[in-house]
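Take a look at this one; I'll ask things after.
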Amino acid sequence: MSDKVLEIRNLNVTFPSLERNVHAIRNCTLHVNRGEILGLVGESGSGKSVTSMAALGLLGSSARVKGNIRVVGREIIDRSEAELQEIRGRKVAMIFQNPFTALNPFFQVGRQVMDALLNSHFMSKEEARKRVFQAFKDVRLPDPEIAFNRYPHQMSGGQLQRVMIAMALVCEPELLIADEPTTALDVTVQAQIILLLRELVAKKNLSILFITHDLGVVAALCDRVAVMYAGMVVESGPVVDVLATPSHPYTSALMKTVPALGQTKDDLSYIPGQVPDMSVPIIGCAFAERCTKVSEVCHKQAPPRRAVLTDQFSFCHNASGPVALDEIVAGGRL
Amino acid sequence: MSSLDGFQANPALQPSWTRRISHFASTNTLLFVGGGIFLLIILAALFAPWIVPFEPNKIDFSHKLLAPSLEHLMGTDALGRDIFSRVVYGAQTSLIIGITVLAISMAIGVPIGLAAGYFGGKVDMLLMRISDIFLAFPPLLLPIAITAALGAGLFNAMLALAISWFPWYARIVRGSVMAIRKELYIDAARAMGVGSLRIMFRHALPNSWTPAIVQGSMDFGYTILAAASLSFIGIGAKPPTIEWGLMVALSRSKFLDYWWTAAFPGLAIFVTVLAVNLLGDGIRDMLDPKYRSGR
Amino acid sequence: MIKYVAQRLALMIVILAGVMVVTFALSRVLPGSPIEMMLGHRPTQEQIDLARAKLHVDEPIYTQFSYYVADMVRGDFGESLRTGRPVLEDVLERMTATFEVTTLAVILVVLVGVPLGVLSAVKQNHLVDHGARSFSIAGMALPVFLIGMMLQMLFYGELSWLPLQGRMNSEILLDYEFPRVTGLYLIDTLLAGQWLAFKSAAAHLVLPVLTLSIASLAVVTRITRNTMVEVLAQDYILTLKAYGMRKRRIYFLYALKATLIPMLTVIGLTYGFMLGGSVVVEYVFDWPGLGGYVVGAITKNDFPAVMGVTLFLSTIYLSVNLVIDLLYYLVDPRLRAT
Amino acid sequence: MNALLSVKNLQKVYPTKVGMIKAVDDVSFDVAAGETVALVGESGCGKSSIALSLLQLISSDGGTVHFDGTDFTSLSDQQRQQFRKKLSIVFQNPFSSLNPKMRVRDIVGEPLKTVFGLKGSKLEERVAQHLRDVGLGREHLKRYPHEFSGGQRQRIAIARALALEPRMLILDEPTAALDVSVQAQVLNLLKELQAKHGLSFLFISHNLATVNYIADRVMVMYLGRIVESGPVHSIFSSPAHPYTQALLASIPSLDPLKKNQLVALSGEVPSPLSLPAGCAFANRCPYASDLCRTLRPDLLSKSEAWAVACHHPIQGEED
Amino acid sequence: EAKTNTATYAMYGDIKDWDPSIAFSLEVMMLANVYEPLLWYNPPESEEQFSPALATSWSVSDDGLTWTFKLREGVKFHDGEPFNAAAAKASIERTKSMKKGAWYIWASVDSIEAPDDTTLVIKTKKPQPIDLIASSQYGAYMFSPKAAEKGTDWFNEGNAAGTGPYKLRQWVKDQQVVLEKNPEFHGGWKEGNFDRIILKVVTENATQVQMLKSGEADFISLVPADIVDSLNKEEGISAYTVPSWKNSQFLINTQKAPTNNKKFRQALTHIWDYDTVVNDILAGHAEVARGAVPATMWGHNANIEPPAFDLELAKKLIEDSGVPEDQRKITIAYIGTSEAYKNSALLFQENARQVGVEVELLPGEWGVIWDRAKNLETAPNLQSMTWWPTYPTPNDWLIGLFRTEDKALFNLSHYSNPEYDKVLDAGVELEGSDRDAAIKKYHEAQQILIDDAVAIFYADIMTRIARQSNLEGLEANPAYAAVFFHKVTRK
C-alpha cells in the first residue's frame, strides 16, 4: 500500500446545464502523503472546494466526475452511497469554511459530535460521551461538560470551529479535509487553530488537506502546497521550495500581490486580467492571458508537468527544470 | 491608468436572454404548458363574442339539459343555455376577479409593507399589528363577514377578498424591504445624501417587487378559487354575470344526474387555476432562484 | 418561558381587540339601520327600544365600542335571528362538529403531507417527486366544492360506499345512545363502546375530511418539500453526509427538525384555511357545524350569527397560533437563548 | 493639529433582546487633511459602528463628531445632506453595496442628482468623468452591477463615493471581499486617488498588512475601545499594548521558515454583552495583573503621537 | 323480535319553533303528527267537509255567533295529562294571547267557555267559520296545559306534549327529529303502520332526491317540478302531483318607481313567458293562472284571460309609459333555494333585456326578502309569492295580498285602491249569508287586480309528491302541507 492517503489523478469535474457547462476541474492531479499537511491555495473559484467535495464523493448527481480519486487506497468515483458511507467519517473527515452554518442549530453540539462518532464507530453511549469530552479537551474547549450541552448559537466562531475539529478527531480518520476552516475567523483565533492543528498532526499522525487562499497560512501550517488555477494544480511542492522559489508565473505573481508587514513599496503588484470563464474550453495554458512571461506556445499547447526540484512540479512551458516525459501525456490536451 | 488594462467583464459569463428563455422552456415544460393554457384563456376571454356558438344567456327550454354533443360541446344547462359558451364567457369574469383582487390587495398591502419595513420601529409595529388583525380571521371567513355586511355581489366579494388578502403583501414586502434595508446599497445611498422617500421608491421597492409579484402570481389562482367559493355559497357573483363557481352552484341540484352541468365549469376553474399556478411557479423559479429544483 | 408566553398572550389580546374593532365596524356599516338588520322581522317598538339601549346608539361611537367589547368578552354575541337563541349557545353546540372535521383533516394532512413532502424532497427530480409535485399543484387548483361534489358522485352515486351527507346514520343516532362527553362522535362512540355508531360516525366523516384535506394536503406537501430542499442544501447537512451519516437519520432527524418551524407555521395556516374551507364543505355535506351555520346565517341575513361565528373562529384560530408560537419555543433553541 | 475630522467620546449602544451591546465605548480621535488613518481590530469590535455613526447613518448615543468644524451629530437631516458631500464612504462588500436593479449610470449619478440637482447630459458627463477616474469607460454606463467583477464593482462604489467630490473617504474594509490579486489593484487605485485629490482616508480593516501598506497612523480597537493609536511604523515595529502585540504575532508570515514565530493568544473574547469591569483584554493578556482586572486603563499618551490604554505597556525601543 | 318499521322523511330545514302556539312554518310536518286540532279539514270531493279530531261533534247557533264542540273522551296528552275542555280552552287562549304565529285566526273570538269536561263553547262577535278555523294547519293545535306552564323555552329545548299518533322521541338539532308511535293513540293502529318516523334535515334538493333514489328516504320535501316525471320512472319510486290551493305570482310594487307606472306594470305582465314557465320550468305540473284566486278554490274567476307573452306589445307599452330609458331598471326578489323561481327569474331577466329593461336578481331566504319587501324603501319591484289559504276561502288571497294595509304584511304590491277594498269588503260581508252574491263581488275584485296589473299571476300549482312506491294510505289534502303518517302503511 502506498503512503498516499489521498491521491487524485486527472480529475475532471463538469457541471452540465443547458445554459452552459461549467468545466470546474480540469485534469487536476494531487496527493497527500500520510502524516503531512498539504495546502491547497488558489483564488476564489479556482476549484478548491469542488476538488475537496469530489474527494468525499459529495458532489451529488448534478456533477459529472471523471478521473481517479483514492482515499486510503479506496476508489471514490462511481461508488455507491453505501460504500462511500464506509469511508466517510471512518477514513476521512471534513471541516467546512463557515463553522456557524456547518452545525445544526437545533441540536446541542455535543450530541452532534457524539452522533458522528457513534455513526462511525461501534461503542456504548457512555464510552462515546467520554471520548467526546476528551476530544473537546484536546481541542481546548473550555469546560467540555458545559460545551457539550451548548447549542451552536451559544458559542463563538472559534469555539464552533474547534467543535468541528473535535468532531473530526473523535472519528479518528486518516485524512482530514479542511476547506478554508479559518477564513471566517479573526487572526488571533486563526492562529489558535493553526497551532492546534499542528499539534494534533504531530500527536495523532493525521494527514490534512488544508484549503485556503491565504499564502501566509500555508507558510505557517503546511508541509507541501499545491497551487490551483482555473481548475487545475499549476504548481506543487514543499512549502519551503514553492514559496521561496516559485516556478510558475502564477505562483510568483500571487505572492507579489500580498502586502506583507514591513513592506514599504510604493505600488503593490497585481495580476492583470481575469480568471478564465470555466464554461469555455481552454486551449493552451489557462494562465497565458495574464502571464508576463507568455510565449507563443503557451496559447497553443497545454503545458506539461515538469519537475523543477526533487518534489516540486510545475505546469508551465517556461518553468526551468527537466520535463518529466511520462507526465506529458497525462497532463496533456483537454 | 495602465494598471487597469484588460479589466473587462467577460460577456460570455452573462448568457443572453434568448438563451435563458430557451433554457427555461426546456427545463420547465410545465411552465410553458401553464403559460400556454393561460394565454388561451386570456384569448378566449378577449374574443369570447367571436368564439362562442351561442348567446351565453340565451334560454331555450327545448334544449335543456342536453348531454355534450357536437352542437353543444359541453351540453346545456337546466335552462337550455349552451354551457360551452358560458364557460368561455366565464373566463372574462375569472380574469377580472383575479386582476382586481390582486390589484386592490397590492395597492393596500405594498405601501404598508414598504413603510413598515423601511421605517421599522413603531411605524412597523403599528402597521404590522393592523395587518395581523386581518390575518387573524381564518381565510374566507373575513370575506364572508364583509360581504354579509356590505351585501352579496361580485364587486363586494372582490373587495372583501382583497381586504382579507392585503396583509400577505404587506408582510412580504415588509420582509424583503427589511432584508434589503440591511443591504449595504441602502446605507450607501443614505451616505450619499439620498432622501428616505427616494430610497423607498427607487431602491427598496424595485428590489421587493419580485417576491410580491411571485406571491401575486401564486395568489391569482387562489383568488379565483375563493371567489368561486363565495359564489358557490351564494354571496359572490349574481346572474347575469357568468361566473364558473356560480354555474356550479346553479347546477348543484342536477349534477348527480347531469354531470356536465357542474363538471365543465368546475373543470374550467381547475384548468385555469392549474395553468396560473404552473405559471406562478415558473415565474417564481425564474425570479427567485432559491426554489429552483435540483442543485 | 413565562415571559415569552406572556408576550405572546398579550399580543394575541391586542389582535383580538383589533378583530373586535373590525367586526364592530362591520356591524355599523350594515345597509339600512343596524337595528332593523339585527332585529329582523317586524320588530315592535319595544324591541327596537331595547335594542337601541343595548347598542347604545345614542352615545358616541367609542362608548358604543366599549359596550360592544364588554358584551363580546362576556360571550354575549347577541341573539340569532334565525334560531332566536343566543349566538354563543348555537356556536358552542355546533362547534364540536366543525372541530371534529377540521382536526381530523389537519391530522390527515400532517400524517400524509409531511412524509410525502420529505420523500419528494429526498428523491428530488425522481418519479416520486414528480408525482408528489403534480399532485400538489393539481390539488391546489381544485375548488373545494368541486372536490366534495365529485367525491359524492363517486362514492355515493356510483359506488354507494359512503353516505352522502350528515353526521351519522339516523337510526343509529337514535338507537345507540351515547353520552356526548366530548361532542366528537368518533370519540364519544368509542368511549361508550358502541361499535356500530362508531362505524357510522367514521363513514360519515370520510368524505368531508377528505374534501377538506386535499387542498391543504397539496399545500403542505409542497411546502414541506420546498423547506426540506432548502434545509438539505444547508452546510450542516453536508457535514452529516461528510461524516457518513445514514440518510434516513439525516432526513428524519436532523433535517426534519430544522423544517419543523416552517412546518408549524404552515400547519397553523392550514388550520385557518380549514376553518374557512369548512364553510364550503359543511354546506356541501349538510354537516351540522359552524360552517353550515354561517352559510345559513348569511342567506337569512342573520347578522349577529355571522359576526359571532367570525369572532369565535378567529379566537380559535388565534389560539391555535398561540399554541404554535409556544411550540416554536420548544423546538427552536435559539428562542430559548438567555 | 488642524483636524478635518474630530471625534470626541463617541458612544454607540445596541439594545438587543438579550441585553445592551456597547459597540463603541468612548472613542475619540482626529483625522487631519490628507492623512490616512487606519482602524483595526477583530471582528465585532465596533469598527463599522464607528464608520456608520460618523456619518450618522446610525444615530450615536453620545459624543460629538466634528467635521470641518461643524458638529455632525447635532445637524438636522436636511443640513446633514449638505455635509454628506464632504464625507463619503465605501463599504466592505461591493456585491451588496450596489443596487442590483440600477445601472451604473444611475448608481454613480444618484448622489449628483439628489445633492447637486444635475440632470441630462451634464449629469452623464460628470458620471463618465468619475468613472474614468477609477478606470472604467463610457461603455460601462448602461450596465448593471452583476455584469462586473468584484474589483470593478468596488471601483464603481469608489466612483460613487467620489462623485460628490468629498474631502474625506471612510473605507470600511474595502478589500475584504476581494481576492488578493484584485485587492492590490484597489489599494493602488486608492493611493492614486488620494494623491490626485488630496483626500483624507479613514481606512477600516482587520488586515494589518494592508494597513501597513496604506496608512500613516493606526488605531487598534478591542471590544469597542481604542487600545492603542499612533504612527503605523512605530506601532507595527514595537507595539506597546499586549493586544496589538498579539495581533501582530498572530499574522502568519509568508516566509515558511518563520512559521514558529506564530504565537496564539489563549482564551476567549468576552461577550460584548457582559464586559468585564477592568481591562477588557485582561482575561487573554499574558501580563495581566489584579489591577487590570479591576480598573479599566485610560488611553494615555506614550509619546507625542502615540497613545496606549494599558497598565503595563510593553517597553520597546523608542524611535 | 319484529323489525321496527321506520319511515324517513327528508325535510329541508330543522324545526325552529317547537311551541305549537308559535310554530308557523316547516313545523307542520311535526305538528300534524304529534298534535291534533279539534277538527281536520277533509280533502275536496270528500263527502264530509271535516272529520272529527279531538272534537267528535260540533254545531253553530243560528245567528252564527256561538259554536259548541263536543270533545273526545278518555284522551291523554303524551305527558299523561288528560285532554278536556279546560285544556282546549287553555290552548286556544294561550295561542290567541301570545300574538305570535297564526294567532290571528282566533282574533275574532270573543269568549271561550268550558261548561263541562267535554263541552267547549266559542263565541264570536260576527259570524265566523270557526269550524274552518279550528281545522287550521297552524295555531289550532291542542297541547297539554302542564307543558304550556313550562313555557316556550321548554318547548324549544325539543319537547312536545300533544295527543297525536306520534310522540316526540329525539331531536338532534340540525340533524333529525324522531317521532315514535303513541300506543295509546285514540285512532288506533293498523298492521304496517310505522313505528317510527325520522324527519331528517337535508337542505339540498339534489341530496334529497339521491336519498330517495337510494331508499334512504321514504319521502322528500323538495321535489323540483322538472324531475317529477323522470323520478316516477325510477323503480320503486312514485312521483306525481296532486291538486292544491297554491298559486304563484310575482307581486308588482305599485308604489316604487318605475313600477308605480301602470303602463309599465302592464308591460311587465307581457314580458313574462307564461307558457314556458308552466310547461318547462314547472314541467307541466301547473296551469297558467287566471287571476289571483286559483282554479281549485271556489270564487275563482274563469273569465279572466291571462296576459299574452308579447314582447312587441310590451315594448310599445314601455314606450307609452313615459318611463325614461335610463330608469328602466327593476329588481326582482325571490326565494333563492327554489329552482323554479330562480329559473323563472332568469328567463324573465333575459326577456326583459330584449325590451330594454334591466332586471337585477335578489335571491334570498324568505324571511329576509319578506322583511325587505314590507318596507317600501328596501322593497323590490317584483316580489315572489306563493300563497295558500290558512283555511279555505278566496278572500284569503284577496284580503291577504291586496287589501289596503297600514303597514304592509303580505300586501307586498303595496297596493291601495279604495274601490277594490269596497268591492272586496262587500264580498266578505256576503260570504256568510249569500255565497253566490259574494262570488260575484270576488270576481269583480279579481278583474280590478288584472286591470291594475298589480301582479304577474302566472301559475296555479300542484303539490309535488315523491316517495317510495311501497307505501299505502297517502291521501292528498290541500289543506295541510303534511304527511299524516299514521294513515300510511308499508306493504
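Order of writing sets the chain letters: A, B, C, D and E. Residues in each chain are counted from 1.
Here is the rule we use: contacts are C-beta pairs under 8 Å (C-beta built on N, C-alpha and C of every residue); 3 or more make two chains touch, one makes a residue touch a chain.
Fair warning: this is a prediction, and the values are worked out from it, not measured in the lab.
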item	value
Smallest count of steps, each to a touching chain, taking chain A to chain E	2
Partner chains shared by chain B and chain E (touch criterion as defined above)	C
Of A-D and A-C, pair with higher C-beta contact tally	A-D
Most widely separated chain from chain A, with each centre as the mean of CA atoms	E
Most widely separated chain from chain D, with each centre as the mean of CA atoms	E
Separation of chain D from chain E, taking each centre as the mean of its C-alpha atoms, in whole Å	91
Cα-centroid distance, chain B relative to chain D, in whole angstrom	48
Rounded Å distance between chain C and chain E, as computed from the means of their C-alpha atoms	40
Multi-chain contact residues (two or more partners), chain D	149, 185, 188
Multi-partner residues of chain E (at least 2 other chains)	204, 210, 336
Contacts with two or more other chains, residues of chain C listed in rising order	157, 299, 301, 337
Chain C contact footprint on chain A (complex, rising order)	56, 58, 81, 84-90, 93-94, 96, 98, 101-108, 115-116, 119-120, 151, 153-154, 164, 167, 171
Contact set on chain E toward chain C in their complex	6, 8, 16-17, 156, 169-170, 172-176, 178, 196, 198, 200-204, 207, 210-211, 214, 216, 336-337, 364-365, 367-368, 370-371, 374-375, 377-378
Parts of chain D lying in touch with chain A, wherever the complex brings them together	42-43, 149, 179-185, 187-188, 191, 206, 208-210, 212-213, 236, 246-259, 262-266, 268-269
Of chain A, residues touching chain D in the complex	43-44, 142, 156, 158-159, 186-192, 194-195, 213-221, 239-240, 243-244, 253-255, 257-263, 267-271, 274
Chain C residues touching chain B - in the complex, by the definition given at the top	14-16, 18-19, 21-23, 26-27, 29-31, 124-125, 137-138, 140-146, 149-150, 152-153, 157, 226, 229-230, 233, 271-277, 279-280, 283, 294-295, 297-299, 301, 303, 306-307, 309-310, 313-314, 317-318
